[in-house]
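Can you keep this structure in mind? I'll have questions shortly.
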Amino acid sequence: MTTTMRAGEIAAQVGGQLAGDADLEIGGIAGLREAQPGDITFLANPKYAAWLATTRASAVLVAADFDGEAACALIRVKDPDAAFGQVATHFTPPPPAYPPGIHPSAIVAEDAEIGEEVHVGPCCVVQAGARIGPRTVLVGQVYVGHRCTLGADNFIHPHVTIREHGVLGDRVIIHSSAVIGSDGFGYSVDDKGVRTKIPQRGHVAIGDDAEVGAAVTIDRARFGCTRIGRGVKIDNLCQIAHNVVIGDHAVLVSQVGISGSSVIGRHVVLAGQAGVAGHLVVGDGVIAEGRSGITKDVPAGQVVYGFPAAPREQAARVHAHVQRLPRLKEKVRTLEQRIAELEARLQDSGSSAPG
Amino acid sequence: MTTTMRAGEIAAQVGGQLAGDADLEIGGIAGLREAQPGDITFLANPKYAAWLATTRASAVLVAADFDGEAACALIRVKDPDAAFGQVATHFTPPPPAYPPGIHPSAIVAEDAEIGEEVHVGPCCVVQAGARIGPRTVLVGQVYVGHRCTLGADNFIHPHVTIREHGVLGDRVIIHSSAVIGSDGFGYSVDDKGVRTKIPQRGHVAIGDDAEVGAAVTIDRARFGCTRIGRGVKIDNLCQIAHNVVIGDHAVLVSQVGISGSSVIGRHVVLAGQAGVAGHLVVGDGVIAEGRSGITKDVPAGQVVYGFPAAPREQAARVHAHVQRLPRLKEKVRTLEQRIAELEARLQDSGSSAPG
Amino acid sequence: MTTTMRAGEIAAQVGGQLAGDADLEIGGIAGLREAQPGDITFLANPKYAAWLATTRASAVLVAADFDGEAACALIRVKDPDAAFGQVATHFTPPPPAYPPGIHPSAIVAEDAEIGEEVHVGPCCVVQAGARIGPRTVLVGQVYVGHRCTLGADNFIHPHVTIREHGVLGDRVIIHSSAVIGSDGFGYSVDDKGVRTKIPQRGHVAIGDDAEVGAAVTIDRARFGCTRIGRGVKIDNLCQIAHNVVIGDHAVLVSQVGISGSSVIGRHVVLAGQAGVAGHLVVGDGVIAEGRSGITKDVPAGQVVYGFPAAPREQAARVHAHVQRLPRLKEKVRTLEQRIAELEARLQDSGSSAPG
C-alpha cells in the first residue's frame, strides 16, 4: 500500500498507453461515479461509458480500442478490469494477517489434532476428535464440532458453525454465520398430523477449493453424505438440504434453495433466488436463470428460466405472448365485431333473398 | 456402531425376507447411487427403481411386493425406509454426548437459574434473570438473553441468539445461527420519508416440541408475543415477522417468509420459498405449494399455488392456458384469415348481386 | 412497568374519551384476538373491527370517530396505535441495560480505541486497530474486525460479524447473525469452467441511523465501498452484493436480494422477497412490490410489480388478462363455431346460388 503514484508509472506497470500528463499524481482508486480528483478508475463495461463525461477521477483505465473523449488522463490497456485490479493493490490496505497459534481464549479439546501453522483465533471452540490441517485459519468465534476433519489452508470466518463429523477438503473458504451440517428437515407424520423427528445421522463433505458464502445453510445427510464438489462456489444465504449432491465447479448465486436429495451436475449455474425441488437431477452444465423454479429433471446443457422452469426459448416465447395478451384480447374483440357484421349481412341477404 | 453385520442377521433384525447369501458381510450404508461393494442400501421411492440395475451395493432393502431383479442380495420388508433407518444406526457414529455441567469459559449471570443436568458449553453467554430447564443443552457459543425462560430438554446449537424475554417450551430444538427475538421491522415515517424506530417491546414464545432451523429469524412482537405453536417445524432460512402467530404442528419449509401480524393455522404446510403478506389469516390445514405468494386470507383446508396464490386447480388451469398461449395466438390468426375470406366472398357476392 | 392502572387513568394519560367504568382495573396489554379479561387492546386497522365483538379484553382504544358497539370499555383517541404504544410501556418490561465497561471475557486488541461509556459484552472480539465510538454497545459474542471504525451510539447484537475495515456511522443498529463485509462473489473463469477467486479488497460503509436486520449479509466491495446510506432500514435475511450503493432512507423488506454493483436510489422501497439484478440503477423513490424481480433500470418514482418487474398498472393489466385466459379461450372457441356456421351458410348459399 503506497500513498501516491504517478500516471506514467501506472501506465508502465500495466503495460498501457497514457494519454495525459505522466507526472499526474494518483492517490487512490474508486468507481467511475464515486471517484474524486486524485483517483484512478476504470471503464470495462461499455454500459457505463456515458459516466466518463462526468467522472471526477484524474485518470481512467480504458480498453485499447476506446475512442471516446474524456476530460481526464486515459490509460489504454488490453483488459481494464484486470489492470485496475493490479493498480488497486497499491491503494488498498492488505487483508489482516492471522499468524499461527492458538489464542488463549480458544477452547480446544485435548485430543483435537491441530496441524502446523494453524491459527485458532479468540473464542473459537474445537471439540473432541476434531482434526485441523496445516495453515488453516479459524479467525475467531468459530465452532468446529466433534470429529470434524478440516484439510489444509482452509479459511473459516467468524461465527461459522461446522457441526460434528463435517469433512472439508483443502483451501476451502467458509464465510461468517454459515452453518455446515445442521440437521436435515425430516419427520415422520402420524395420523393426527403430529411430526416425529427422523434422526439425521449423516454428515456434510465439502471438496477442495470450494467457497461457502455468509449465512449459507448446508444440512447433514440423513445417512451418508451431503456432498459439495470441488471448486463449487456458493453465494450468501443459500440453502442446501440433506443428501443433496453438488457436482464439481457448480455455482450457486445468492438465495438459491435446493431441496432434499437433488443432484446438481458439474458446472451447473443456478442464478440468484432460483429453487430446485426435491429428488431431481439437474444435468451437467445446466444454467438456471435468476428466480427459476426447477420442478423436474433438467437434461445436461439446457438453459432454463421461469417457474416452473422451462427451456429458455420456450419460456421466453410464452412470456412474450403473455405480455401481448391485452393486444390479443383486443384482436379477438375486433374479430367478434367482424363476425357479427358478417352474420348481420348474411341475415339481411338471407331475409332479403327472394323466396 | 458395529463394524460389520451379516445379511442374514440384518434380515432377521428388520423382520425381512432375504433373497441372497445369509453370510454376506455388510460393512456400511449408503444411497443407491453412492453405495460401494459391502454396503447395504434401500429402495423406497419407486422413482429410483431403475438405479437398482447399476447400484454397486451388496444388499438392498426393498418393499415386500417388489418383483424386480437385482444383481445383489435383496431383503424384502414392509417399510424399506424405516428398516434402513434401523440398520443404519449400526453403521453411523452416534451423535456426540453433552454431559451436564457449565464449561468454565461460559459466562453465566449470577442470578440465572440453571436446572439439573444442564449442559452449558464453551463460550456460552447466559444473561441475568435467565432460567434454563433441566437437561437442556447449550452446545457452545450460544447467547441466552436477559430473563429468557427455556424449558426442559431443549437442544440449542452453536451461535444461536435468544434475545431477552424469550420463552421456549420443552424439547425445543434450535439450529445454529438462528435468531429468536430480533426487533420487529416497525417505523413511523415523517413527511420527508425519514423513519423513526417504533420500540419493539414484546417477545417470542415457542411451544413444546418445536424445531427451528439454521439461520431462521423470528422477530419479537411489538407488544405481546410472536407465537410459535407446539410441534411446529421450521426449516432453514425462514423469516417470521413480529406478531405472527403460527398454529400447532404447522410446517414451514426452507426460505419461507411470513410478514407481520399474519396468523398461520394449525397443521398448515408452507412449502419452500413461499411467502405470506402481512395481516392475513391462513386457515387450518392450508397447504401452500413451493414458491406460492399468499396475498389474501386463505380458508381452512385449501391447497394454493402460484403468485398471487390461488386455489390449486384454478391456478393450474390458468397456468396450462398460459403454456398454450402460442397455440391460441395461432388459432386467432387462422380465424382472422377465415373471416377475411368470408368478408371477401360476401363482398364479391354483394357486388356481384344483381341490382 | 406498573402492575395495574385504572381505565380512567389510562384515558386521561392518552387524552382520550372513556365510555365505560373509570375504576376498571387494567393489568396487561395484548392484541384483540389474544387479550384476556383485565387486558387493554386497540383497534387501529378497520380490517379487524369484526374482532371487537369477540375480544375478551376489558378495554379497547379506538379511533375518535369509531361508532361501533363493544361489550367492553372503549377509549376514543386520535391515534389508537400511538396511544396503545404509550400505554404499553407501563405493562412491558423495559429492555435490558448494558452498562459501560469491557467484560473480562472479551478479547480486545491492545491498540483498539474504545470510546467513553462503551459496553463490550462477554466473549466479544475486537481486533487490532479497531475504533469504537462513545456509548456504543456490543452486547456479547460480537466480532469487530481489524481497523473497523464504529461511530457513537451504535447497538450491535450478539453474533454479529463486522469484517475488517468496516465503517459504521452513528446510531447504527445491527441485529444478530448479520454479516457486514463478507467477500463479494467474484471469480475469473478459465476455459475449463474452473473459477479463481478475485480478491475482494474493498469494504462496507453504513450511514448514520441505519438499521440492519438479523442474518442480513452485506458483501464488501471488490475495491472501494459497498455503501448503505443514512437512515436505510434493512429487514432480516436480505442479501446485498459487492459494490452495491443504497441511497439514504431506502427500505428493504425481508429476504430481498440485490446483485452486484446495482445502485438503489434514495427513499426506494423494495418489498419482501424482491430481487434486483446486477449493474442496474433503481431511481429515487421507486417502490417495488413484494416478490418483484427487477431486471432493468427503473426510472425515479415508478411503482413496479411482477417478474420481470413492470410498471404496476401494466403488470396488473397483464395479470388480469392472464386470469381471464380460460374465458378468452372459450370466446375464441365460440367465434370459431360462428365462423364455421357462416362458412357453411355461404357454402350453401354459394352452391344454391343460381349459376
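As written, the chains take the letters A, B and C, and residue 1 is the first residue of each chain.
To be clear about the criterion, contacts are C-beta pairs under 8 Å (C-beta built on N, C-alpha and C of every residue); 3 or more make two chains touch, one makes a residue touch a chain.
The model shown is predicted, which means the values in this text are computed figures rather than measured ones.
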| item | value |
| --- | --- |
| Same-residue or different-residue interface between chain A and chain B, half as cut-off | different |
| Turn needed to bring chain B onto chain C - CA fit, degrees, nearest 5 | 120 |
| Separation of chain A from chain B, taking each centre as the mean of its C-alpha atoms, in whole Å | 23 |
| Contacts with two or more other chains, residues of chain C listed in rising order | 105, 123, 141, 159, 177, 215, 237, 255, 322, 325, 328, 332, 335, 339, 342, 346, 349 |
| Complex interface listing, chain B residues touching chain C | 105, 107, 123, 125, 127-128, 141, 143, 145-147, 159, 161, 163-165, 177-179, 182-183, 185, 187, 193-195, 197-199, 201-202, 215, 217, 219, 223-225, 237, 239, 241, 243, 245, 255, 257, 259, 263, 275, 277, 279, 293, 295, 307, 317-318, 321-322, 324-325, 328, 331-332, 335, 338-339, 342, 345-346, 349 |
| Footprint of chain B on chain C - complex, ascending | 29-31, 33-34, 45, 47, 84-85, 88-89, 92-93, 95-96, 103, 105, 121-123, 139-141, 157-159, 173, 175-177, 211, 213-215, 231, 233, 235-237, 249, 251, 253-255, 267, 272-273, 290-291, 322-323, 325-326, 328-329, 332, 335-336, 339, 342-343, 346, 349-350, 353 |
